[in-house]
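What follows is a set of structures to go through.
The same subunit A turns up in both complexes below, where it pairs with subunit B and then with subunit C.
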Partner chain A sequence: MTTPSATIQPPPLLAEIIESQRQRRRWFRGQFALVWVALVGALLAALWATDNIDTEWMVTWAPFIVGGAGTTILVCVISIVLATLLAIFGAIARMSSNAILFAISSLYVSLVRGTPLLVQIYFIFFALPQMGIRLDAVPAGILALSFNYGAYMTEIFRAGIQAVPGGQREAAQALGMPEALVMRRVVLPQAVRIVIPAIGNDFIAMIKDSALISTIAVQELLWRAQRAGTRDFKTLQALLIAAAVYWLLTIIFSYFQDRLEQRMARGDR
Partner chain B sequence: MFNMRRLALLPAAALILAACQSGSGESPDASASADASANPTESGHGMADVPNVVCVGEATTYLDWLAGDLAISEADPIEEPSDAGNPDDLLALIKERGEIRVSTDPNYAPQSFVEPDGSFVGFDIDVATEIAERLGVDVKFETPDWDAITAGNWSERWDISVGSMTITEDRKEILSFTQPYYYTPAQLAASTASGVTGVEDLPFELPGGAEATTLPTDANCAEAIRAGREEFALWISSSTTVQGAIDEGVPIIAVGDPVFAEPLSVAIDKSGPPHDELLYEINNIIGEMHDDGTLTELSNEWYGLDLTEGTASSE
Partner chain C sequence: MTGAEPPDHGVRPASATSGYQPESSLPSHIGEPIVKVEGIHKYFGDNHVLRGVDLEVRQREAVMVIGRSGSGKTTLLRCINFLEEPTVGAIEVDEVRVEADPLHARDRRHREQIRQIRLRAGMLFQEFNLFPHMDVLANCIEAPTRVLGHSREHAIERAEYYLEVVGLAEKRDEYPSRLSGGQKQRVAIARALSMEPKVLLFDEPTSALDPELIGEVLGVMEDLAHSGTTMIVVTHEMHFAQEAADRVVFMEDGVVIEQGPPEQVLNDPRHEETTHFLRRFLDR
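== the complex of A and B ==
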């Protein structure tokens, strides 16, 4: 009875196990989706029950509010790039044997991590002009976010650089590479791979923190939501739209971050 | 096993939450019943049991009024500058640029607010546009927060404020004001749930007898009341904003007559470039707009009534 094709099929017992595992996974996913739908549905129902939700208003204003997401993303992308550059220099200085560099970068990290981001934003927008440095709202917001995140990422990069096995550096030095080249060609590329998941994490956190720059009139998501909401006494609805967009953005970027992380992990052999 | 233990935490958390809820929920009831038992002998007008707190939307004039030290002022007389044609004057800079930058916080309907397409509209926007037109330049709107505008030190981010700003003694130290382009009455409002129908229902004197709580903008006060926050039974704002909230279905009523009238003017930062000529020019333009009926027309359009005639400010 046995045909040649049957021979490459797994034995019945194994097939059963695989099938039951598959079923269990499907069941798990089904439950997961069900719980999400139920909870989000309950949340929305509770909001609807307040009798304060004007869907027509939300439809009218959604395009205006959602349009702020472009500014949010633009500001965050530029800021994360600048923050990464700041962090690389910060980390190198923080591990330097040069006392001055070490002192500067330590002060930077301590100062930024020791003060609220909102205070830093106000300072850059309101106080700097009195010292003769006047930045428009968007550049001021970008500066504040990159300055702030640069400090946190300095520590990430320091950890990343220290995580590169010492043998790598020694081997490069043994080949006669100068210190700077060792850092640039051997250590940093490996460190970057280690810290990329953390950068992705920070980017997602920054998307939410960028709401703070609405206070200096950067017309991003929250700014638009607040202006639209106060106009018609509909702040709740406006914030609902903004919250949904922030959530969606973090879900999207988290997905890409997961993919990136898996890809990076593939290199570890 | 591990999962089970975590699950066991849930009911515990729920219990704690419930305990907090009932704890905070009980105190107002308790105080209400205590007041009720103390009050039954009182006759005539039932004093409403409202907290002596008035909600204010980031408007310092209302805060000053509540504290009892509002000093509404008049614009200083503006004389024709002697050195006309000064190339350093803000007027010359604006003409050269071909554009006047006007600050407006689009957070205050119907003065200044956003449309779904992102454009700004409102009474102040129209007045600013008209001023720019009569100056022969384009208008560009900057949108800082209101308190950044009233604080002065604009760092030349914008040239003038056309933002329904009240002239006060304090502000005159840092800003130059033109003659008023209109006047809004300040209006006290109360939530309908509070039972307050007139000033005589208030168990305290105003100004002086109540504290202020500030929220980011006027509209937030109305929304806090609509959301059922009992600590915000009272609200003070411009009569036009109060009416706007009532029209939107916010459960409030206007309490008593307007408490004071605010003269509202165009302002220029004193810490900026010299601006004698600009101030003189804009002051003249506002005079013309009063005379030819432009301001009356705009006021009727946005507020449904003529607010350009200064009712003598009561204070």
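== the complex of A and C ==
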């Protein structure tokens, strides 16, 4: 034998190390799951112990309440798309050297960030009719959420646009592309990639904030829970169901968002 | 180099605005002036970076600009296609003439003129600046289709031709992230060529490259120079300058100190500053 086999790690040891590491990880995950199950179980057990929980009612009404999740998701999907468009225009205007555009967009951002979302919702649904603008509950809710999130996302997009290397804009300009084309074809597509994780975060936050539009009778998750709960004096059960569904939705969308982020991280950049 | 110099050179004026070569000494392949840099000054705040630069580049001429760091080479190149707005002076490329007008840099007419210059002067950057969200072919047809209004088929045909020129035809469907630095710069050259500009401006196109990748890019550039592409190249690659240049321009402190055929400027400089600069180079 000419190869110095003595200097090579003996495979059995390596396998042992890998196996022990794997075991430690499995053990960690096991503990983690155990603690969650125990805590949630204890919480539920405590609730049930009060003897106030009408399980039968919950089973009967769960489909009606959970059905509201469809409206919640639909409203949020439409709103996040509109908010993204608003944010793109807002960001471009905020970075513009045109005083009028800059003024409009910064007023927008300041106004929205300076007032509560609930007030904005009320304003659109209850106050606008006084000015002759009457919107149904769902469009009003969508408008309020888009308008509100659009302002916050304006800042995100501005940061995203600024994060695109200056050389990209210069290369496009040097090819004779006019300003608008540079923005649309070169800067924005890259900015969107940069801000997609942030949009995901906002979408998840919006799922929860959208509960506020139950106050203007949009028949989403919380509205349905309250409707059913107050009818039968089962508010606790109804809210438990609603909370569980919100939680589940955020877990599901967070999972997809994580995967998306990982894919972007190793994507073509 | 042997001392075989053209006999009629005479001593050039030492001023910053020293003229280009007399017609009689021009090699026959060189044509009419196509780029004219006229009395360019550039201030960055109080920093007077370009102090009156005049330069004419003729058709099919390869001009290499050398000079130490901070002498204003990059700024000069960026002023030619108005990535920097000159403070004073005028630029003319292929009969489009634009006067420096920093106060009215945002006027629509002025901007359109600048765009016309950019269409005629392709630019290559140290960092390549390929569009990472487009594949190689898309990089090369983006501006021809959307700016020049070429049909997609025509643009693809031209792009494929120029990718062939830089030796990367088989990479047309790759994304830039999957290319080496040298390949990226070659694609950037193909992208610039796809606009069929009158002149190419190179700003140290190999200085961001690993040493073993420099050669492939310089090779492409040398081929372009020898096949009559008009180009202005800022470079520190002296061997390349000697091989590919029709003229070498030495800059210092924002002025052109000396210019002439490579064998003269690089081997027998007339000015002390040039000698100084070249000697420093030797030491490194």
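Simple rule for what comes next: the second predicted complex is superposed on the first by the 257 of 269 C-alpha atoms of A that agree within 3 Å, B and C clash if a C-alpha of one lies under 4 Å from a C-alpha of the other, contacts with A are read in each partner's own complex, and residues count from 1 in each chain.
We take it that contacts are C-beta pairs under 8 Å (C-beta built on N, C-alpha and C of every residue); 3 or more make two chains touch, one makes a residue touch a chain.
Predicted, not measured: the structure shown is a model, and the values here were computed from it.
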item: Simultaneous placement of subunit C and subunit B on subunit A, clash or fit; value: fit
item: Touched partner set for A:198, first subunit B, second subunit C, both or neither; value: neither
item: Angle at subunit A between subunit B and subunit C, C-alpha centres, nearest 10 degrees; value: 150
item: Partner chain(s) touched by A:171 [first = subunit B, second = subunit C, both, neither]; value: second
item: Partner chain in contact with A:239 - subunit B first, subunit C second, else both or neither; value: neither
item: Partner chain in contact with A:53 - subunit B first, subunit C second, else both or neither; value: neither
item: Which superposed partner A:101 touches (first subunit B, second subunit C, both, neither); value: neither
item: Greater subunit A contact set [subunit C / subunit B]; value: B
item: Subunit B versus subunit C as contact partner of A:77, first or second or both or neither; value: neither
item: Subunit B versus subunit C as contact partner of A:181, first or second or both or neither; value: second
item: Which of subunit B and subunit C A:219 touches, first, second, both or neither; value: first
item: Smallest distance from any CA atom of subunit C to any CA atom of subunit B, in Å, after fitting; value: 39
item: Footprint of subunit A on subunit B - complex, ascending; value: 106-109, 113-114, 116-118, 142-145, 148, 153, 155-157, 216-220, 222-223, 226-227, 244-245, 248, 250
item: Subunit C to subunit A touching residues, read off their complex; value: 81, 83, 106, 115-116, 118-119, 122-123, 125, 127, 129-133, 142-143, 146-148, 175-178, 188, 191-192, 195
item: Contact set on subunit A toward subunit C in their complex; value: 97, 165, 167-168, 170-178, 181, 185-186, 189-190, 193, 268-269
item: Subunit B-touching residues of subunit A, taken from the complex the two chains share; value: 52, 60-61, 63-64, 67, 126, 129-130, 134, 136-137, 215-217, 219, 224, 226-233, 235-236
